[in-house]
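Shared chain: chain A. Partners: chain B in the first complex, chain C in the second.
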Partner chain A sequence: MINKVANIINEMLEETGQDKVENFDPSMSLRDELNLDSLMLAELTVRLEDEFGVDIFEDGVVRTLGEVIAKLEGK
Partner chain B sequence: MKWVIVTGDSKGLGKEIVGKILSDTEFGVVGISRSNEESVKELLDKYPNRFKHISFDLEKVADIKELYIKQIRKIGPIYGLVNNSAYAYDDIVSNLNVENLERMYKVNVFSPMHLTKYAIRDMLLNKIEGSIVHISSVSAHTGYKGLSMYASTKGAMEAFSKNTAREWGARGIRSNCVVPGFMETSMSASLTNEQKDRIYKRTSMKKETDVESVANSVVFLLSEKARSITGTAIHVDNGTI
Partner chain C sequence: MNKIFLVYKQMEVTYENLINDINAKETYQHYIFVNDNNPYSIFLSIIHSLLYKYPIEILDGDFSDIELEEIGVNKTALSDSKSIERLLTINDFNVLLDKISENEDWSLSLYTSGTTGRPKKVTHTFQSLTRNVKTGDKFSDNIWAFAYNPTHIAGLQVFFQSLMNQNTIVYAFNDQLTNLSNLIEEYNITNISATSTYYRNVLPYLKDREYDSIKRITFGGEKYDPSIEDKLKTIFPNVKIRNIYASTEAGSLFVAKGEKFIVPHTIKGLVKINENNELLIHQSLLGKSNSFTFEGNWFNTGDLVEFIDNIHFKFISRNSDMINVGGYKVNPLEVENTLINVEGVIDLVVKSKKNKVTGEILVADVVKGDNYNDMELKKSIKQYGAKHLQEWKIPRIIKFVNEIPKSRTGKKVRK
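On to the complex of A and B.
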């Protein structure tokens, strides 16, 4: 799961001319450490929804990679 | 093929917009209205591959997510959205009925916002620089007795459009409004001839707004020709100034 999400994030970073992230950790902040702004988070949301059928922001804010994984796993 | 969603496709301005998109562009059209397929049979027969009609009541705001996931997204990538459907609850404000007002806000404001949400999400997923057009009303700019509540729904959508334009412009997604004057459609059917004449006299050109001129403006804003136009409103109202 974390690898799939990491691949999507790296694809997005690459598309916006940013450096890819080598080591992902569940504690990483989406905004501060992975450099995702609100529009990129919106794009991440639709890409994850397309892949996993879950809208991660539908019922609250998610801040870290670990929280994204928890939403996708339905926890 | 890329698709444009048009709400209120079964009559009046909506039907005219659908016809113009199908005749003047290469987009497919997903038409949404409460009416069944019979009301749009002519268009379905003429454009069997480029026109799809979905019967849906836009008062059911909470069902729009399912409408998008189960029906709209299966048709194809969304390029455009024309929020044209509207419910007219006309009365002086001292007679305000909350159920009618809520129904009007669901159809005229909440559903268009929800459709915009899913249209933009679809554009993000498919990397499409799309165009959104909301149909407003001259009543949001010039006062008419009995239209304060209706006009407020249109004013809400104009503010929404300007701000979504700002929000998504960096992704190439545009949002604009077309502001028609009074047209001879079912929306104005309850007005008497005397009331209509009074309204038309307030325009520079002293007559009703031409439906085709409004539809042409919508198709223009959808098109690549309008690629530098966003966050604005085009008034097609015979000069109500």
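On to the complex of A and C.
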């Protein structure tokens, strides 16, 4: 699962001409470590919903990559 | 006078500093175009213009050359500056406020998304900008978290509300969003005014804590999101929540508790709905613009509403021609007219995609020419967008399609 999400984030980065991230870790903060601003988070949530049918922000709070994966896995 | 006027990143500016800077400012410019939208430069210029009674035009600091050209602003005119002929010396904030209230010759123009696909200029008087500013002892100790772009109407509303009460503004926008918790504690912030998007994004950084100092939270700039109200009440146990309807065209008009808006008695008779349930506003409530079209004396907001009784109404949907990205209104036509110039793009339609982070984002369906690589073309479109459009006007997700569906009247279908 982490690889699928990593691929989506890297695709977003590539399209905007930014460097891809090499190593993803579940503890990584979306905003502070992956540098996703509100617009990128909005884009990520739409892309993930298209792919997995899950709205990761449905009930509020997602801060880290690990929390995203937990939502997608329905935990 | 040692009271703080503005906290911006590491900088604290007192009212005394502000007055000294105003006294020292001997030149002025018609255009306020501040590269990083630095709120202090913008606020200082606005107050200076009110003191010396010259009209100003506020431009977003991230407008590209093309966007400036589109709205008819000559780039060389941006740096034109003139000297003040008779310098005033202000010694006291109340004197400054008195001078500001003599403002017949002053006006402030700003730009908003127009229906024709290019931004339109709207010119406000002091009265139309400060219609809903409240002053008095009750408001004198307010400390504001500032969470809007200072060049936009909602930011200006907070600025005037704060200035007229000699309050403190603490900038909590953009890169300061994740720092809101510290700012509330350090400055004892009492009021926050922001978009639903801002609250949704700041919530993860306020988790597990209670902040007693916050008395009032205002939603503005975007459709109100009732799903966050309970969460905010848990984090801010002393808070009252209000929802404001303001527009660049009219300034602030209505206030609501929850979703039920009230037409204040001061503007009763100046608001009505037409047979399509669209909200109409009388032209006397609007700023001035050459781009307004009126139905008689009425301006059609394009917002669909339902009246509950004579003075209460609810919004059913906001103007469907516009897409609201986290509080920024975008006309998809403007984006299409720009991106059609990218080599390899044959046709495109820009649409909205709903989400819980920014309300809506832009996505584009693109018909591409033969022999263009998908990823390379996506990169070119986004790169061209970044050069010619403000960030929130760039489609985030691009899909390639064989054709763009059109309605019977030939309009692109944006659904």
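Simple rule for what comes next: the second predicted complex is superposed on the first by the 75 of 75 C-alpha atoms of A that agree within 3 Å, B and C clash if a C-alpha of one lies under 4 Å from a C-alpha of the other, contacts with A are read in each partner's own complex, and residues count from 1 in each chain.
In this text, a residue touches a chain if its C-beta (ideal position, glycine included) is under 8 Å from a C-beta of that chain, and two chains touch if they have at least 3 such contacts.
As the structure is a prediction and not an experimental result, all values here were calculated from the model.
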item: Contacts of A:Glu33 with chain B and chain C, given as first, second, both or neither; value: neither
item: Partner chain(s) touched by A:Arg63 [first = chain B, second = chain C, both, neither]; value: second
item: Residues of chain A touched, compared between chain B and chain C (which is higher); value: C
item: Contacts of A:Val46 with chain B and chain C, given as first, second, both or neither; value: both
item: First (chain B), second (chain C), both or neither touched by A:Gly17; value: second
item: Touching both chain C and chain B, counted on chain A across the two superposed complexes; value: 39, 42-43, 45-47, 49
item: Contacting residues of chain C [partner chain A, same complex]; value: 178, 197, 200-201, 203-204, 207, 231, 325-326, 353, 355-358, 361, 363, 375, 378-379, 382-383, 386, 391-392, 396-398
item: Interfacial residue positions of chain A with respect to chain B in the complex; value: 39, 42-43, 45-47, 49-50
item: Of all residues in chain B, those that touch chain A in their complex; value: 120-122, 124-125, 168, 170-171
item: Residues of chain A defined as touching chain C within the complex; value: 14-17, 31-32, 38-43, 45-47, 49, 55, 57-58, 60-63
